[in-house]
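Take a look at this one; I'll ask things after.
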Amino acid sequence: MPTLDEARAKLALANRILAHEGVLDAFGHVSVRHPSDPGRYLLARSRSPELIEPADILEFTLDSEPVVPPIGFMYGERVIHGCIYQARPDVVAVCHHHSRAVLPFCISGIALQPVDHLGATMGAVIPFWDQRDEFGDTDLIVAKPEEGRSLARALGPHWVVLMRRHGATVVGLSLEEMAFRAVFSCRNAELQREAHMLGAVSPLTPVEIRKAGAFNVEPRPIARAWEYWGTRLRKAEAV
Amino acid sequence: MPTLDEARAKLALANRILAHEGVLDAFGHVSVRHPSDPGRYLLARSRSPELIEPADILEFTLDSEPVVPPIGFMYGERVIHGCIYQARPDVVAVCHHHSRAVLPFCISGIALQPVDHLGATMGAVIPFWDQRDEFGDTDLIVAKPEEGRSLARALGPHWVVLMRRHGATVVGLSLEEMAFRAVFSCRNAELQREAHMLGAVSPLTPVEIRKAGAFNVEPRPIARAWEYWGTRLRKAEAV
Amino acid sequence: MPTLDEARAKLALANRILAHEGVLDAFGHVSVRHPSDPGRYLLARSRSPELIEPADILEFTLDSEPVVPPIGFMYGERVIHGCIYQARPDVVAVCHHHSRAVLPFCISGIALQPVDHLGATMGAVIPFWDQRDEFGDTDLIVAKPEEGRSLARALGPHWVVLMRRHGATVVGLSLEEMAFRAVFSCRNAELQREAHMLGAVSPLTPVEIRKAGAFNVEPRPIARAWEYWGTRLRKAEAV
Amino acid sequence: MPTLDEARAKLALANRILAHEGVLDAFGHVSVRHPSDPGRYLLARSRSPELIEPADILEFTLDSEPVVPPIGFMYGERVIHGCIYQARPDVVAVCHHHSRAVLPFCISGIALQPVDHLGATMGAVIPFWDQRDEFGDTDLIVAKPEEGRSLARALGPHWVVLMRRHGATVVGLSLEEMAFRAVFSCRNAELQREAHMLGAVSPLTPVEIRKAGAFNVEPRPIARAWEYWGTRLRKAEAV
């Protein structure tokens, strides 16, 4: 079990990796469940993910209340994280993002589907959450506990949920696995869009999704990708 | 109230940020209203925005005459700035650009519309200015006072105006807020174009545009994005 | 004939060149036939191509068994390499990749065709391998010898084979020539997709494909491209 | 009038600028007419443009024969340059390229047209040269004097000629002006393709093309762009 300091360092790294790989930009955020207390989670103060250092990481209860009152701003949408950790005891890491790759699906309503072997990591079902169904016309921000709970219900037992006109939320059983799902769901979205422009696109078969999805989250592929992303980030930060 | 030196430094920074974020390239320009004299504005000498230093910043009257006759070239289209500052006392910052993101809309005439929560920052109406309506076939440059006044009339009370076959002009209540509107209108244009290729695209609802637009220009999101862009620029310039 | 150390160094370089030019990312791999023993080939341990150093290179029999049992993971899909070296005595280098350029063709099933003079390097026929034809619904990974043999049969006497929902495999008579075919087949795929969006796309004529394809793999173009890619990589790695 | 050494240095710089701005890659080449002898031109030895140094520049007669027999390879397509300098006494600089921006037009046959004010720099007519009309099925390379003369005839009095399935050739009255035409014809091609995906695209009006085209090649815009491209290159090369 990692110490709290190790967990903070790894969460800061995951933030910067997902920014460097194009999943996150000025906005979006990444959290991890507390390494020894499943009733808490770690999340940065309000700051762009590319800039997050271990000292920026705060500790929250699953009601998304800070354990120690922080100096300065907190992310306005942290209920996304708390409500998912409450609803999904298996989930260890959460990323909410607005990547350019998935937004065309969030805008058009065309279903995101696994179209290649790496995209199978998303799972067979990628739910689409339309905030209007329960809350009518809003500012599209997920700031109230009931909004977070509604999103968590839409996610259900799945790994990726699209949010109408807003972005996506991705979960995983570890930071590394969640990052893998986040990067390759964005890549699948880009490929699906570009294949769509060539002709009709269908998803993988259900058996392919199950088999390829299981293969992708084995230790070897996840370790290879995590080493790759980390090395790329280190080179970029050394400049 | 910032001193003139501080205003020059911040305007140079805003030029380089908007170049680094892909809004500006060889052409385009950014201005800010004079910090203590609302009858004047600051704008660089004729030079690409990525290269602007505080020493490049000149001072103009709202008739776009230089307060001190400069050595070398001035931007040919500075009436865009002067005429908007005359017509819109609320406006503190103006950017005119030809970004690749918005040009497909300026060329095709397809309406740019807010399609996601960050795009709501553009406002509900993005006017389309066709220079031919008043001036017939021109060189498409906005160099005469009457052309600048016509563009300012087309902008009206809005934040972004598209210019047929030419580009866009974006205004704001501060340099930071204007930069936010400029970056996220370009991003909205990219997303709208890509969503368009997937299927029919509609705008946000009017209530969503109003609510999300108001949320986005609150201090927290603007400060987060400005810190992010500034840090990215500093890292790029340190290379 | 290069020594084994020279072959290892050049293979590591080819890995990093193809990563830097966008053919390879976290996944994919490159091999070369052993310089003095045509019954063996060289391939890295399980690691992302951008990170490969000469010390990562292992030696395999054509049955894809390691000559010396390695420490740590091996690539799961190395039968792609062994089976092609068995079936194609002329082939000296093999690259398996999932580049974003070719995947839209692997997903949509639209035929990849040579559309410009550099794309003629692919040859007139780019076979499409559908793993389902022989193996039904799989995890889409080519890990079993019979899967590798099936892919090698699909490749036949050609230079590039597309793999349904997965990627491509490219072969050549030297590392440099194979890299040329890999880079310019990706580029052809991008151009074909973008031309497709403008209007109907047809391939080059059969005579053009034969003549331009022969011209492209002469020593002069291959040497020019290899020097270019190597210099670009060296500059990027020196940062 | 620049000295020969100054001309060599500037031509090397123009090569690297056009590579850095994405017009040239492994292939393509740039030449300039000899500064004191209009019957000669300067062109690099066979090497990728990004790598060209002043010492790589050779001197050719307008028959594309080297004035001093060089060590190593020469570009195979140098007749493009010689034949255009023969046919067009006004032309001072020539660039032949295969940029990704224009190739979709060379492949689909859809007409490239000036669609925005900077694209007007191409002129109203961009001829399309189909090598098959005179030479049947070839390797698509322009290596013979009669092929170079045919291309020069197709170019006629214009500034940009598209070459079926191959690329483009751009000419100008100086290296700076030619670079301006080359960069902004690529940009126009990208914008036209992206606007095409939004809806029907028409060109500027004939009067707009004439007026905006004349404005763009005045000293001020050309100097601004040349300073910008040169500074960007210097920063990239200093890394």
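We just call them A, B, C and D in the order they show up, numbering each chain from 1.
FYI, a residue touches a chain if its C-beta (ideal position, glycine included) is under 8 Å from a C-beta of that chain, and two chains touch if they have at least 3 such contacts.
All figures in this text were calculated on a predicted structure; none of them were measured in a lab.
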For this session: Could you name all chains that are in contact with chain C and with chain D at the same time?
Result: none
Problem set entry | Interface composition of copies chain B and chain D: same or different, split at half | different
For this session: Would you mind pulling out the distance in Å between where the CA atoms of chain B average out and where those of chain C do?
Result: 46
Exercise. Chain A to chain C: how many Å between their CA centres?
Worked result: 32
Problem set entry | Multi-partner residues of chain B (each touching 2 or more other chains) | 197, 239
Exercise. Mapping chain-to-chain touches, which pattern fits: line, ring, star, complete or other?
Worked result: ring
Exercise. Who touches whom among the chains?
Worked result: A-B, A-C, B-D, C-D
Exercise. Which residues, counting only chain B, touch chain D once they are in their complex?
Worked result: 25-27, 46-48, 50-51, 73, 76, 98, 100, 103-110, 137-141, 165-166, 193, 196-197, 239
For this session: Using the touch definition up top, name the residues of chain B that touch chain A in the complex.
Result: 115-118, 120, 187, 190-192, 194-195, 197-201, 204-205, 207-208, 211-212, 214-215, 220-221, 223-225, 227-229, 231-232, 235, 238-239
